Each structure stands twice: as C-alpha cells, then as structure tokens.
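One chain, chain A, appears in both complexes that follow, with chain B as partner in the first and chain C in the second.
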Partner chain A sequence: MTFDLAVLTAYVPALLHGFVDTIWLCVLSGALACALGIALVVGRRRGSRLLVVLIDGYVALTLALPLLVLLYVTFYVLPDFGLLLPASVVGVLTLAIYYAPYVAQVIQAAIDAVPAGTIEAGVAIGMSPLAIGRRIVAPQALPLLLPTLTGLMIGLFKDSALLSVISVHELMFTAKGVVSDTYAPLEVYFAVALVYWATTATLNHATRQWERRLALAHGVALER
Partner chain B sequence: MKLNAAPAIRARDIVKSFGAQRILDGVSLDVARGEAICILGPSGSGKSTLLRCLNWLSPPDTGEVWIGDERVGMRNASVPRPEREIRAQRSRIGMVFQSFNLWPHMSVLENVMEGLLSVKRMTRLDASDVAVEALRRVGLSGKHTAMPGSLSGGQQQRVGIARTLAMAPEVILFDEPTSALDPELVGEVLAVMRGLADTQTTMIVVTHEIGFARDVADRIVFMDGGKIVEMGLPAQIIDHPSSARLRQFLHRFTPHGPHS
Partner chain C sequence: MWLDPQVIQSVPSLLDGWMLTVELTLLGAAGSLACGHLALAMQLTRIAPLRWLARLYISFMRGTPSLVQLFMVFFALPLIGLGGRPMLAAALTLGLNSGAYTAEILRGNMRVVTRGQIEAATALGMAPWLIALRIALPQMLKASLPALVNEFTILLKTTPLASAVAVTELVYAGQMVIARIYTSTQIMLLVSAGYLSVVLPVIWLGRRLRQRAPSTMRGT
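== the complex of A and B ==
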C-alpha cells in the first residue's frame, strides 16, 4: 500500500470547486436556519395557539429524526407529491429545516438568560418591544448565544457532507468522484478530512476572537 | 406649603389579584404636584404592586389611575389604550427599582441616554446634554464612561435615579430603592432623594426607612393587607399612630424594637 498525495495534483481544481460549493451550501442553509430559528422563537412567543401547536409539532418531529432520514424523505418522497426540486435546493432546505429548531432552542436559552429586570426597566421607561429587543435583549443575549450557535454551525458544516448521498455537488461528492477515477481513497479522503478539520478549526478560532471582542465591548464577563 | 392644587397622579379603588390572592383591595390615593409620599407597610401589604399598577406594568383588575388629566391604560371604562399610548404614558411616570435594573452592557452615560434616544427621540447631542446634567444631580459626574458592573450598589442606584430623572417624568415611583444596598451605602441614595424632594419632585417612595419618611415625606401612607390603613402627616403617623397594626409595625423599626 502506498501513500502518494501526488495523485491528487490533477484533481486539486475539482476538489477546490467542491469545497467552494460546500461553503456556499453551508452559508445558505446556515442563514436560512437562523432566519427560520428566529421565526420559530417569535412565532412561539407571539403567535396564535394554532401556530404554537404547529411549531411544537415541527420541532418535536425534526428533533426526533436523523438528518439522513429527513434527507431521504425530502429527496425521494417529495417528487411523489409532484414536488421535483434540484438536489442542491433540497439539500439546503433540508439542512435549514433540520437545524432551525436547534437554533431556536439556543436563541430561546440566551434570551431566557437575560435578566428580567433589565427588560422591565425598558418597559417602565416606555420603550417599544422592538427597541427593547434591539437595545437591551440582543446585546446581552448575543455573547451568550455565540459559542453555542457556532457549535451548531460547525455541526451543520460537517453534516453537509451527507448531502453527497442525494448527489449534491459539494466536497464529499466531488471526492467520491475523484476516488472512482484514481482508486486512491486513502489520499483523497485524507485530503478531504484535512480540509474539514482546517475549516472547523478556523471557524472555532474566529468565534473565540469575536466573542472576546463582544465581551470587551459590552463589559460582559465570559464565564470560563 | 409646597403643594399645588391639581393632583399629579391619582389612583381610584385599585383592586389587583394574583390567582385567588387579593393583593390590592380598593386603594385610592391622590398625590399633588411637588408632593413626596412615603408608603410604609409590612412585606406582602401590596406596596410594590400598587406602584406597578400606577405605571401599568401590572394593570389593575378594576379601578382607575390618572396621570394629570389623562386616564392611564384605558381610553374609558371599557376600552384599553393601544400599547403605543400606554408607552407614552409610562415615559411620563418614572420608576426606580429595588435591584437598580441598569443595562449592564451600556456605560453609565448610555444608560441615562437610552430612554431619551429611543423613547423621546432626541438627537445624541441633546440626549447627552440632558444625561450629563442628570448625572451631575446625583453626584456622578466623574463616572460617565464607567460600566454599571464596576460601580458600588449606591452608585448604581444613583445611576438608576439619573436614568429616570433625565426623562423629566411628572412623578417618580421608588420601589424600595435602598433595600438591596449595604447599610453604609444607603445614606448616599437617600441624600439624592432628599435633594429631589427639596426641589419639588413629585415622588412616591415605598421604603422601610422610617427616619427618611419622617424627615422628607409630606404625607405617609401605611398599608397592610392590600388596603391603606392610615394616611397623614409624618408627625401624626409616626408619633401618634391610631391603629394597633401601625403601632405594631413601627415598634419593629424603632431603635428599641427587636429588629432595629
């Protein structure tokens, strides 16, 4: 058995392309998951009883399903109901749908950790709910939110490799193609693993820095 | 006598229950412009709940609150005001909290400016001028850039007072403003409040500081069991209490009492 990374040389552009696609897919589904997560939090707080029941049902269902199962359901079952979408769209939507309840939980926990008295002071002085959210809740919740939210986004990034099973053109899918061309799974998957690791580590480091800056700017002490 | 004719704030037959518990059982109170009222009473007597009814933080079940000639929270007996109007009314009624409730992510100056910016829609320049003056009045001119967490409890409460003062409210409600403070820090906060009373600020102070109430209050209200039991001039209330409940309450707070 040999280990010769040189076999990859010809495939670097293809792999790079796959990586860029992965990043795009993750940015899109991450942003969607956050938007949907915020909508879930707001809907649960201010929505009608029916909406709350619907949201709770959705959250309970997604939290109970493995991502792979959800992915197969959306990809293979939806077309039976006449909904035929491109694989990348299905992939992005499924990741967003799967991660939104987790994002909602994390946001909810951060909001709950904001001292009630600081919100009451805003109400008493005559601030609107929007102003209270923007000026009082968000700045206090954000430093609490960031570490857990990054953890989730790193999870989403890693899970995006699963999209290869529904033939979404991303890094893992590209790697599979390269393996079938070169018969060099060791080198290919070694390189791919390295890329996932490096990206995750960079994300981790960047949030650490951001957190520190936020904490300094807001005079909030990080407890660790 | 420093009192003017028209009441600054009026409460009529306020009733408030939480579940089966009736916290306020028909409380009526008129506070004249420039008047300082102290409310005394054992814990659970409904003092804090009364303050929270006055600014509609906790709307009463029945009864009326009036600020000037405007009814608080309601357009008339059956039609509630829209939130927007209630917010405008709250901005005219200041509140100082027992636990300060400063915004920990803003500097002292920003804490005092926030209401001016997001409620009164002042420019940053104007808001800053007003905030600087409010902080001067509470003796914290040197602390503009400090974060609340770096201040002593007494200083934090003075920021809380400045935050309210800056809004130029028609009445300020103080909810046990010194109860969360170490004993040695109580004096500086009471001194600031005394200064406000001396300059004819309309204030309603829920407090356990009998000495402050006697010196500063124009009238003292004694509450027990969700009702006003006695109301009158400090000398009359503290030195000549007419009800057994007030005598019993005062006994616990006098220097010779068991809990002095």
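== the complex of A and C ==
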C-alpha cells in the first residue's frame, strides 16, 4: 500500500463542494442552537413552573445522550409519527437541539458573572433596560461568553461530520464517496482531516484575536 | 404496539451491545489516561522535538472530528498488520482522542503543585522521577478528578462512533435489531435508556466530586 495524495486531484472540486455544504449546515444549526439557547435561558427565568421542569428535563436528556443516538432517534422515530423530513433538515435540527443546552449554560454563566451592583447602578441613574443590556451587561458578559461560545461552535463543526451517517451531503459524506471511487481511504481521510484541522485552527485563532480586541476595547482584564 | 414480543426477544442482543459499550468506554479511558500522561510528560521535557510532537498531537486530536480520526486509525492499522480489528481501532481512537483532552486537564492542574513542595522534596534528596511520582502526580490527579470524570462522560458519549466501523456496541446492536424487526421507535428508546443507565450515574458522580472538591483543590 502506498500513500499518494495525487489520486485526489480529480476529486478536489467534489470535496470543496462538500466542505461548503458542511459550512452551511454548521452556520444554520449554529444560529438555530444560539436562538434556542437564548430561548432556554429566557424560558427558565420567566417561564411557568411547568415550562421550567420541561426545560430541565430536555437539558438533562441532551447532556446525557450521545449525539449519534439523538440523531438516530430523530431519524428513525419521526417517520413512525408520519413526519418524513429530508436528512439534511433532520441533521441541522438535531445538531441545534443537541447544542442549545450547552449554549444556554454558557450564556447563563456569562450573565451570572456580571456583578448585580453594576446593573442596579444603571437602574438607579435611570437607564432604560435596553441601554443597560447594551452598555452594562453586554460589555461585561461578551468577553466571557465569546471564547466559550466559539469553542462550542468549533465542537458543533467537528460533530457535523456525524451527519454523514444519516447520509447528509457534507464533507465527510463526500469523502466516503471518494473513498469508494478511489479505494484510497488513508489519503482521503488524511486530506479531509487537514481541512477540518485548518478550519478549527483558523476559528481558534480568530477567537483569540477577537477576545483580545474586546477586552482591550472595554478595559476588561482577561484571565490567562 | 407496546411490549411487542419481538422487541422483548431483542433485549439480550441489546444487552450484549451495552456490555461492549461499557468495555469500549473502559478501554478508552485507560488509553486516555496513558496518552494524557505521556503527552504531558513530553510537553515537560527539555527536548524540543518531543514538545512539538506533543503539541501537534493535542492540536490534531482536538481540531479534527473523532469520526475522521476513527477512519484514519481503522485504515492505518492494516499497514502494521493489524487489519480487520474494528474493536481495536475504536478503542485506540477513543484513547488517542480523549488523551489529548486529558493531557490538557492535567496540565491545567499542574499549578496545584507549588514550587515550595518541589524545592522541599529536592532538598530532601528525592530524585526528579520520584518527586513526579510521589508528590506532583497524586495531587494533580486529585485536583483533576472532577474534570476527568467529565471527560469520561464525553468519552462514553463518543463510543457510538464505533458503530461506523461495525463494532456491535449498543447503537450498532440497535440498528441490527431495527433492520431485522422493523420497529425503530421502541428499539431506539431502549438504546437511549441503555446510555442513560451508564451516563447518568457518571454525571452524578462528577457532580458530587465537584461539590466535594472545594478548598483542598485550590492549592495556594
């Protein structure tokens, strides 16, 4: 067996296409997960007792179940109830459902870290709730929130490779197709790993820069 | 629909899958601890290439999907004459992948061991390896325990990936049953319950450790 990356040249466009699909899936499910995460935080704070119990149950379940199991549950169980969705929709929804509780945890922790006194001071000098959110809570919470949140999004990006098992067309699924064409699994998966690696490294780097800029702009001292 | 006799008949094969999942988790955890300690030790040496290798390993394992890693290991094993062993590939991948996180956890808790202790041990004439073994490691492990338990729940939640290389762990066992009897909902619920039966106690243990951790963990 030889290791020859040249076999891949003909498949570069296909793999790139798969990569673009992966990015789209991740952007969609990431945005959905954030929206759902915010809804969970608000629901736990403002909701009725029943809603809080429901949210807690949902959070406990998703934190305990493997993503793949959740994926199969939605993939196999929804059709039993007459709901036949395309694989990509099931994939995006499942990723969002799986990551929303983590997003909620991160948001909750960041909000909790804002000293209550600063908000009370804002109220005392007659600032509107919107202004308090924008000028007091956000500048203090965002530098705490962003690194962990982008960490989660990087996790989501890596986990999106799992969607290939329910045949969602993304990078990993394309890679499997290329493997069955070329019989060169090592080369293909090596190249695919490099693509994922480069992307996560870029995201990591960008986050660190962003974090530094935010901290400088708001004069908040960073740990580490 | 409920208590379909076919579903009841499939329980033994699901239990076999459950056992294999637990086995995979334990093997992965052992591998994770081994790789984690090795990677940490490599990062602490004076030999620069070893340090770079450890950084590269950690960055790669944390930066790529575990599914991709699994396929790489699965297709690389035949090169060293160990082809056709999906269980080995899965356990090895889990250990290698989780080891990178374990190394980071251990490194993060190194500051628990204060300089004064090392100096005191040196003054008593202890050899560096003895200091690492008897003074640094026990304290680091103790401080890392809650984070390590958390890491092992993540490891446990990664084991279903092994189904992608046809290891008959819980998810794969469930899929085989579904393919045979065509009732997916009940089987998937049983599979989920199987995971909950392992994950929930581990999460509970982690929470208890975290609560009990306070003052002794902080170091000074």
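Just so we're on the same page, the second predicted complex is superposed on the first by the 221 of 224 C-alpha atoms of A that agree within 3 Å, B and C clash if a C-alpha of one lies under 4 Å from a C-alpha of the other, contacts with A are read in each partner's own complex, and residues count from 1 in each chain.
The rule is short, and it goes like this: a contact is a pair of C-beta atoms (placed from the backbone, for glycine too) under 8 Å apart; a residue touches a chain by one contact, two chains touch by 3 or more.
Computed from a prediction, not measured in an experiment: that's the story for all the values here.
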Chain B versus chain C as contact partner of A:A124, first or second or both or neither: first
Per-residue contact with chain A, leading partner among chain C and chain B: C
Contacts of A:P139 with chain B and chain C, given as first, second, both or neither: first
Touched partner set for A:L83, first chain B, second chain C, both or neither: neither
Chain A residues contacted in one complex by chain B, in the other by chain C: none
Interfacial residue positions of chain A with respect to chain C in the complex: 1, 61, 63-69, 72-73, 76-77, 79-80, 158-162, 164-165, 172, 175, 185-186, 189-190, 192-193, 196-197, 200-201, 204
Of chain A, residues touching chain B in the complex: 115, 117-118, 120-128, 131, 135-136, 139-140, 218-221
Parts of chain B lying in touch with chain A, wherever the complex brings them together: 55, 57, 83-84, 87-91, 93-95, 97, 99-105, 114-115, 118-119, 147, 149-150, 163-164, 167
Residues of chain C that touch chain A when the two form their complex: 59-60, 62-69, 71-72, 75-76, 78-79, 156-161, 163-164, 171, 174-175, 178, 184-185, 188-189, 191-192, 195-196, 199-200, 203
